Amino acid sequence: MVRFEDVSARYGRGPDVLSGLTFELAAGSFHFLTGPSGAGKSTLLRLLYLALRPVTGTIELFERDVAHISRQELPALRRRIGVVFQDFRLIGHLSALDNVALPLRVAGAKEVQIRDHVAELLAWVGLADHLNDLPPTLSGGQQQRIAIARAVIGRPSLLLADEPTGNVDDRIAMRLMYLFEELNKMGTTVVIATHNDGLVARFPHPQLHLEGGHLFRVPGRPRAQKARARA
Amino acid sequence: MVRFEDVSARYGRGPDVLSGLTFELAAGSFHFLTGPSGAGKSTLLRLLYLALRPVTGTIELFERDVAHISRQELPALRRRIGVVFQDFRLIGHLSALDNVALPLRVAGAKEVQIRDHVAELLAWVGLADHLNDLPPTLSGGQQQRIAIARAVIGRPSLLLADEPTGNVDDRIAMRLMYLFEELNKMGTTVVIATHNDGLVARFPHPQLHLEGGHLFRVPGRPRAQKARARA
Amino acid sequence: MPRSGRDLPLAGDASARFLPWVAGAMVFLATLALAGALLAQTVAARWHRDLAGSLTVEVPSRPGIAAPERERAALAVLKETAGVAAAELVPRSRLEQLVAPWLGAGAHVAELPLPSLIEVRLAENASLDLAALGHRLTAAAPGAKLDDHALWLAGVAAVVRAVEAVALAVVALIAVLCAVAVGFAVRTGLAIHRDVVEVLHLIGARDSYIARQFAGHAFRMTLKGGIIGLAAAVSLVAALAEGRGALGPLPLPEIRLSVAAWAMIGAVPLAAAVFALLAALATVHRQLKRMP
Amino acid sequence: MPRSGRDLPLAGDASARFLPWVAGAMVFLATLALAGALLAQTVAARWHRDLAGSLTVEVPSRPGIAAPERERAALAVLKETAGVAAAELVPRSRLEQLVAPWLGAGAHVAELPLPSLIEVRLAENASLDLAALGHRLTAAAPGAKLDDHALWLAGVAAVVRAVEAVALAVVALIAVLCAVAVGFAVRTGLAIHRDVVEVLHLIGARDSYIARQFAGHAFRMTLKGGIIGLAAAVSLVAALAEGRGALGPLPLPEIRLSVAAWAMIGAVPLAAAVFALLAALATVHRQLKRMP
């Protein structure tokens, strides 16, 4: 699904933010991405959703070398990737419903198929009463949930979430994690960047830990512990 | 310092988000503002920094009824209030240094007094290496710390922070809390909206808890517990 | 719910109010300039048709020598000259009409020793050696003078060229301004909605999906403003034509624009709108190429 | 580090490139229009000065009655008329000069029965009853005709008024466009930098702190473009004046603009810049008032 080989990344002429990253993510896996603030978590995700190109090394995504993907092919590829941005990036003049429907519309889906599907998902994340509200009129946590709904509505093959629970309380965070796990069970490969140590402690998934520009793998705990955590 | 009497607030013609709020914050006090996502925490802070006017009731700020404050007086009043916005609101084309210096510049401070002071504060929040970086080139947690530095640089009488630790890890969160407590000791009244239950548990300050549009006060724990928490 | 493909709230932008104004003013000025240029061309064409293919030979009256004889001699020379299509004596009555206003009502025109005039029409594309012809005429009819209107025509042509050049410069300036304004509106739109454009991109929207919205917006706004500008310009021209009679006799022939000219003027707003559409498409695509 | 008071990155906006263009084009057109209007006024003033205070009396030659006698009679009538400053017979030689070109070189002008002309200059502010004067003249010198140039002057005045009206309309249109463009640029700037403006507000910046930046920006950009536009317009006018000689004799007197007129034209860019500054201030303050 995802394969990094000796990948380095930087911004412009700045210093290397990431260097010599080599790892693989199996299709259907679920990883936390951890590390101190400024370690490069968002940068790594940017590499994965093709908003940033590596300086050296090769990235393979969906069995394709991203260096050889043309501009024309990008849209189709991106539709297979769902992203929850750290700063949400909702479209301010579109309602919650239209924001979440956007990936479907851009992909050319039929209107009749869209609305019910979208409304159902928004109800699931606790926004049934805010379908027609505009993002700027919603609270931080409500916006974050719209961002998550938009990322998952298209049943992406790869889900990348950057700090998706930073603005919600623990109860909602659990609910969102449950959503991610459901998707994962249906085959989506999931990567979640987070600072929430509690969350990482409660779920048994393996971690990708970034520090000093380098990546360390922390294996997941056995499944048994997870059941306890969710209780 | 702050006195609310039967205050209700809403946006436009929407439903009441807050209703019948009556409370007082003594000068020099330190409160957490808690409540589920969408409960109205940010709304309450908006009332406090005068970006939103109450529909009914009276708000007194610095011993003045805000209903009788003219447009001309607002800037001077706002300079006494430091705000950490939930979405940071940094100025993208100004360096970290200039962003933090802004409240001083706007107030007409001398350039010579500004730079060292600002650089010192930024070093304190861990951004000594990023003084001249632009916010869009910084990580989420780094931006959040600039936002905090900007809010406190002017030694405000009232500090309002909306989810100031949502994008940083626990170690930095502790450091920031320490900064807020230092300010508080020097006389600043502090109100911090947060979802971070861990943080609230570790510090002994009283809470203002919002739920269903109403406010509930949760008294602080005795001082002893705090020492343990910080260890 | 907005229609799919209208994710960008362009209609609410400041540019939604700006573009029609600019387009209106531009089309207004362009229409006036175009009308001026077409008018100048029509006038010039008329004068040219009247004068270019013709010569005038003047045979002065001279006491002593009979005029008819010299007239006949001059006509004979002209008729045997290759390239001359026709040569005709201007009747004395027409000459008197021409001269009368300059002499006062009481003058006894009939007694005047007026010169005879011969109007010569040249064959099309005739290339005459005017100097040689002049010499032969003088030899045949002493005192005869050849006038080819060259000076007068050159003056007219120069004026018309100047009018055309100014009109063309105005139209060119307007086209450039229009492109600049549209480019500005589009770039402004992209700047205001940069976040939206970026998100659409990352979500998998094609460049054309985004460019279409900007181009459509620019087209609609420009067409709207252009039609208003055209209406204003045509009203102004009509009002001027109306008021023209009130100005008294002017040294201009009565002129109507041809149907083709009117069609050209009527097409200005559409041309501007299409131009705006293309400018918008080009600008958006250029800007989008810079995004990852 | 940016200077304090330049927190808004206006210089990097699309409007930094847009405003000078618009201002340049506007000032260019406004200068041309203004120059045209001033020129028309100067021409009109000249013609008016030449003709308005004068009359012409024409005494036709009539076989039988001696001309000098009738001329004397007409002059006598004129001289005893209140309001007539001077009345003088035009010498026969000047009349012959006037008529000669129309008769051909060979005509025996000296033999022509030309009418006599008397040029009359009126006292300033004289109010004459022209009809009565005409009757008295005809009585004294049978056939004498009075010409007050009224028709001709009215025609000239109408043309000049039309030129002025068009020029004024162009200048007004340009001022409106300029205000619209500046207003648009400012509103665009506010829209693009809305977040920044809001933050500055919440941080305690005064409206004037923000408005100053926009106004200064608009002023600088407009002045820059305006100076270029003025230079272009002046070059064009100079080139036209240069090329004027090449056009051959035109029915226009040789004309120079007065120093005052040149000063007026030179002030156009500054006026536009000040205008832009005020438009920007007004727009910003109006928009800021809407913020809490």
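Observations on the model:
Labels A, B, C and D are assigned to the chains in the order they are written; within every chain, residues are numbered from 1.
The working rule: a residue touches a chain if its C-beta (ideal position, glycine included) is under 8 Å from a C-beta of that chain, and two chains touch if they have at least 3 such contacts.
Given the structure is predicted, the values throughout are model-derived calculations rather than measurements.
Farthest chain from subunit B (centres taken as the mean of C-alpha atoms): C. When chain pairs are compared by contacting C-beta pairs, C-D ranks highest. Annotation: 29 Å between the Cα-based centres of subunit A and subunit B.
Note on chain placement: the centre of subunit A and the centre of subunit C lie 64 Å apart, centres being C-alpha means. Each chain gets a centre from the mean of its Cα atoms; for subunit B and subunit C, those two points are 69 Å apart.
Shared contact sites, meaning residues of subunit A that touch two or more other chains, are absent. Not a single residue position of subunit D touches two or more of the other chains. If you draw each protein chain as a dot and join the dots that touch, you get one closed loop, with every dot joined to exactly two others. Contact between chains, as defined at the top, is found for A-B, A-C, B-D, C-D.
Against subunit D, in their complex, subunit C makes its touches with residues 13-15, 17-18, 21-22, 25, 28-29, 58, 60-63, 98-99, 102-108, 111-115, 143, 145, 151, 154-155, 158-159, 162, 173, 177, 180-181, 184, 187-188, 191-192, 240, 243, 246-250. Every residue of subunit A that touches subunit B in the complex is listed here, in rising order: 11, 14, 36-42, 86-87, 137-142, 145, 162-163, 166-172, 195, 197-198.
Listed in rising order, the residues of subunit D touching subunit B in the complex are 1-2, 4-5, 7, 9, 12, 195-196, 198-206, 209, 289, 292. Per the touch definition, subunit A reaches subunit C in the complex via residues 49-53, 71, 74-79, 83, 89-91, 93-95, 97-98, 102-103, 105-107, 111, 150.
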